[in-house]
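Across the two complexes that follow, subunit A remains constant while its partner is subunit B and subsequently subunit C.
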Partner chain A sequence: MGSFVLKRSLYSIISLVGLLVLVFFLSRLTGDPAALYLPVDAPASVREAFREARGLNDPLIVQFGDFVWNLLHFDFGESLRRQRPAFDVVLEAFPWTLCLAAITMSLVLLGAVVLGSLAAMNVGKSFDRISSVISLAAASAPDFWVALMAIFLFAVALGWVPTSGTGTPWHWILPVAVLFIRPFGLILQVVRGSMITALSSAYVKTARAKGVRQRAITFVHALRNAMLPVITVAGDQAAGLLNGAVVVESVFGFPGIGKLMIDSILQRDFAVVLAAIMITSLAIFIMNLLIDLAYALLDPRIRY
Partner chain B sequence: MSDHVLQVSNLSVEFDTGGRRVKAVRDVSFHLDRGETLAILGESGSGKSVSASAVMNLIDCPPGHITSGAITYRGRDLLNMSEAERREINGRKIAMIFQDPLAHLNPVYPVGWQIAEAMRVHGMPADQANRRAVELMERVGINNPQKRAKAYPHQFSGGQRQRLMIAMALGYDPDVLIADEPTSALDVTVQAQILKLLQQLRDETGMGLLMITHDLGVVAEMADRVIVMNSGQVVEAGTTRDVFKSPKHPYTQKLIGAVPGQGGIRTGKIGEEAPILKVEKLNKHFGEYHVLRDVSFDLKAGETVAVVGESGSGKSTTARAILRLDDPDNGQVIYNGRDLLAMNEKEVFKLRRDIQMIFQDPTQSLNPRMPVYKIISEAWSIHRDILPKDRWRERVLELLDLVGLKPEHADRYPHQFSGGQRQRIAIARALAVEPRIIICDEAVSALDVSVQAQVIKLLDSLRTRLGVAYIFIAHDLPVVRDFADRVVVMKDGIIVESGDVEQIFERPAHPYTQALLAASLEPDPDARDAWRAAQATVQPSVQ
Partner chain C sequence: MADTQTPTLAETHSPPGWLRLLWADKYATVAAVFLLFVVAMAIFGPSLFADLSSKVNFRGRNLAPFQFEHGWLMILGADSLGRPILARILVAAQNTMTIAFFAVLAAGIVGGSLGLIAGYSRKLVSDVIMRLADVIMSFPSLLLAVIVLYMLKPALGNLVLVLAITRIPVYLRTTRAEVLEIRERMFVQAAKVMGASTWRITFLHILPMVLPTLLTIATLDFAFVMLAESSLSFLGIGIQPPEVTWGLMVAQGRPYMAQAWWLSFWPGLMIVLTTMSLNLLSNWLRTVLDPAQRWRLEGSKETANV
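And now, the complex of A and B:
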């Protein structure tokens, strides 16, 4: 188990380094930063001073070295628009997104696993049919439209919840509900499918021959086997949420990383964009590692 | 009537399949007492497994319905009992083991936990159940049970897994153990060990054993009484000796007549001419594991060489090497004076016409989305010079006729055929390119005895009519005895013995060949005692 974690972590670090290189050189490909940051009519001397101050006159490889060195000290440079370290700006936004994603995914998994299992136990019956229709509709709902409709209906027309912001728990209801819909529909389908396979497997027959109760067969024997594909899809969906639920955060004015990234791109605040990319990708790498671990925990065939 | 421990009376089971009702079991009756072994003998689709599943409440309803009949356990009616009462009997009084133990053990829980669960669900405290699980593992012959109880199913061999299934069934000393094809997926030497274990356990615990099998050898070895089922009905019932020695029903007679290994041995039509294929010193490693060691043999035109061995012996790897599906580390395969392992892609492409393969499972080796016409004619669209397109249809029909299928079959899809017919399609496909050599990789192993006999007959007639040479990879010795000219016996990647069929079967020299022959079950209850003596003198190979 220990060597498994070590190997996985090593792979993650390799990918992370790859991303680092990619992000740095891509950001340099967008042109001379001085031209982007400074006003169009800035005199040449100011531009030169700007370049000198930021080490932009050094060879690219030296710049990259500085970039990596600074990264290791969590120094992404100053946010141009906010006059504060970019890393601090990102660190403020990230917990909001993390929290939003965690709450949403917990609810999604709980709902999808319970309803999906019940649907698989009642294949072809009305419960299964209804849940299939709902999950299909949920999986194909466009979230910007749902978000706007939800605000219109529940916040404006009915006035049950606030339209945007984060002040009280009430503020969280709409963003969570809107983000919930799509992963829920998708994962419900996956749970149902893999539970049907698991419930018709030979080891379930053995369990019945042993006299095991149906509930234990479903939730002890079948569910653990059925969780493997579910975890893969859930991981994908969670990664999407961590990346910043850009649309939903923007619509609800939620101060998460998705909104921060969009704002920073529009303001050409590249230090913040860079920091946000590095933090979210780090988070996604950590989550993938956790998923691999969960896989290994659930299925001994991967462990040995 | 209630004297018997288990009594099945006039049982009928139907299945709904897409609007059609199939009568899987019709009016079946049998009974079982403690201490005896009853075999239900039948081919696939005979309803033998459904009958046993009905006893265990394992038929899925729907699509299945028990339409009539009664099943009683010690006079208690199982079919009119609550789910909870039924669960109390399942696993505790009547236990069951299955054909494929890897699939029937839950892959994600330790085996000790799974064995203990069979007792916990009937109310035994967890620590007591765990102790008993370790005892049972020891009893069924698992070494170091304390430690191995924490291991997972994939960490055991096939034979060990079946031992674990047996341990799982024994928790409460059941009155009845139902064994559904318990050894069909196992190698012969392992099969012999498992059957012996079941016999010992039956004698120790006094349980009744219900063996469901298609294998007449297993019946002859194990059963006191036998019922023979065909298309859902019991066609014959009686003591094993009566049924084998004087079968009354035509179906039973046909079944016993179809058993391989009864015909004459083929003798020397093969002359001294040079071999068409020479396999020389093949070696292959998979990681640390040496799967082929200096494998050498040759094949003459029109000859059949059987490569015999148990799983992991390297027999399929050898076949794959000859076909260039898997390259060995070193060695040579000389065909037409050239080493085909050294050929480039283009030459191998030409070679594919001369050497063809028929696989074990025609369900998996035929593309389900292609009609038979396309499956057979596909080779001609790949090797364009064989046949002009306007003659394809005609030739497909000829080939179908050759393998005993009808012209109208050309436009059907593989799923519309039975297993035996599918294997005929696979043979027609192989013949389409007019090969000189056909490699049969366990080509008849998955087929029922009577179908197996027909396919062997077909392969035999092709050999005579077309002069095809076969490399016949098999684990089933009686079939080899009937069909092959020469035999190569493999174990752990090494050829331990080779020679003419007569020599190998009548005067085996290597201890492993002797063990294989001793473990192979003869479908003759009289021979039972004779082999047991033989088995006692031969060291059975370790699983």
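And now, the complex of A and C:
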């Protein structure tokens, strides 16, 4: 187990370093960094001072050394718009996104497992057909459009929930619901598929021969084995959930890391973009590690 | 079970053309017809409607849909500058389709080639290629796009580049997995014994076997890339005005949501319909290209209910 964690960490460090090099060289070699970091309307004197303070006249290799050294100390520089360390700005936004993703993913897993299992128990019947149409439509819907339409329908026309912002639990309903749709459609299909395989296996026949009830067979015997591929896909989707969070947070004015990232890009606040990227990759790495460990817990046959 | 004998039954008849196979799946037929319409729009739309779609008409600002007295182009309403939405959707199809098409094509060619190489070369080369794919996969695609588009200008070419890079691992992994299995088969051994070069074996003997799978994934991926492009354009870091895509049209309608829902509704609906059609067509392709599943579409009434 220890060597596995070590190997995974090594791979992730390699990807992180690759990403760092990419970001650094793209930001230094594709033009004047002052033009990249500073807003378009910054005066020439500010640009010169910026260049001087950042040591942009040093050799490239020295600049790269400084860049990495600062990152290792979680020093991403000052946010240009907020006049505060970029790292603090990102740390404030991060829990919001984490909470949003956690709530959504729990609901997705719960809903997909229950509906997918029921569909697998009734293959070819109308319940199965309806659920596959729903999952297809859900996987095809552009989240930004669904978000706009949901705001129009439920917030503007019907007035059931607030249009955007945070504060009450009511504010969370629409963002969670919109974020829920796409992973739900995909995972529902996976649950159905792996559940059909599990239900036709020998141990399910044994359980049935012993006289165990169908519901117990499905949700106790088969589900545990059917969960393995589901967890893999759920892991991929959880990273994909961040894609969705960027869109959903911007539409609903939700103060998470996705909205922060888009705002910082439009305001050309490079320090915040960089800090947000680093923290997000770290979070994704930890989550993937947890998923691999959950894999081993669920299936005693897997040993790392 | 009758399904063990149906394949041999089907083989005795003359093999049905792909049109008949398509007709056997009604959902896929509708999807294919719709996609043909979209492709036709993408090719001919701008040359037919470019002038009409950019003609500003302030008297018709946010004109409501389903009013027939303004001509058929106004049937879906008009946008905030009084431009007919239908014409704009027809014109925007070109950018939307072009970006997705070239991104999928580039990702398919690069990913497919790398997958062939990774599957048929020594362990070291294969490991390096797979790790590269892991690096790309371990990162949310939208964030990667965001970084690159922050530094490069959000032009059509860069958008294609970014989307292609994020999709390469999908083709790479699938191709490699298939090659690992195919390379052990008899005809590859035979080619090797006859002295065929590695390049000849990979590209002339193995590639044609992998191509159907790649095609199925590409159809599905086209939908994914289209959604990604729409999201980027919606967020303002994709295609920039005066160029237009469906995603950008949704974004442009956003400020008028409370008064004129149709500005954002129609282009979004086009995205949904196109994505759904691609998904349905991909499902059909998977069935047709899988010899174990194909009988479902070929069978007559007696075999269809197996």
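By our rule, the second predicted complex is superposed on the first by the 277 of 304 C-alpha atoms of A that agree within 3 Å, B and C clash if a C-alpha of one lies under 4 Å from a C-alpha of the other, contacts with A are read in each partner's own complex, and residues count from 1 in each chain.
Going forward, contacts are C-beta pairs under 8 Å (C-beta built on N, C-alpha and C of every residue); 3 or more make two chains touch, one makes a residue touch a chain.
Bear in mind that the values here come from a model prediction, so they are computed numbers and not experimental data.
Novice: Applying the touch criterion given at the start, work out whether A:Ala49 contacts subunit B, subunit C, both or neither, answering first, second, both or neither.
Specialist: neither
Novice: Which one hits more subunit A residues, subunit B or subunit C?
Specialist: Touching more of subunit A: C.
Novice: May I ask you to decide whether A:Ala209 touches subunit B, subunit C, both, or neither, giving the answer as first, second, both or neither?
Specialist: In the superposition, A:Ala209 contacts subunit B only.
Novice: Between subunit B and subunit C, whom does A:Asn225 touch in the aligned arrangement: first, second, both, or neither?
Specialist: first
Novice: Kindly classify A:Ile262 by the partners it touches after superposition: subunit B alone (first), subunit C alone (second), both, or neither?
Specialist: In the superposition, A:Ile262 touches subunit C alone.
Novice: Quick one: is A:Gly240 in contact with subunit B, with subunit C, with both, or with neither? Answer first, second, both or neither.
Specialist: So A:Gly240 only meets subunit C here.
Novice: Is A:Val114 in contact with subunit B, with subunit C, with both, or with neither (first, second, both, neither)?
Specialist: neither
Novice: Go through the superposed model and pick first if A:Gly18 touches only subunit B, second if only subunit C, both, or neither.
Specialist: So A:Gly18 only meets subunit C here.
Novice: Would you tell me which residues of subunit A are touching subunit C in their complex?
Specialist: Residues 11-12, 14-15, 18-19, 22-23, 26-27, 30, 36, 136-137, 139-145, 148-149, 151-152, 156, 239-240, 242-243, 246-247, 250, 261-262, 265-266, 270, 273, 277, 280-281, 284-285, 288.
Novice: So in the complex, which bits of subunit A are touching subunit B?
Specialist: So the residues of subunit A touching subunit B come out as 201-203, 205-213, 216, 221, 224-225, 298-301, 304.
Novice: In the complex formed with subunit A, which residues of subunit B make contact?
Specialist: Against subunit A, the touching part of subunit B is residues 56-58, 87-92, 95-96, 98, 100, 103-110, 117-118, 121-122, 152, 154-155, 165, 168.
Novice: Within the complex, which stretch of subunit C touches subunit A?
Specialist: For subunit C paired with subunit A, touching residues are 131, 134-135, 138-143, 146-152, 223, 227-228, 230-231, 234-237, 247, 250-251, 253-254, 257-258, 261, 264-265, 268, 271-272, 275-276, 279-280.
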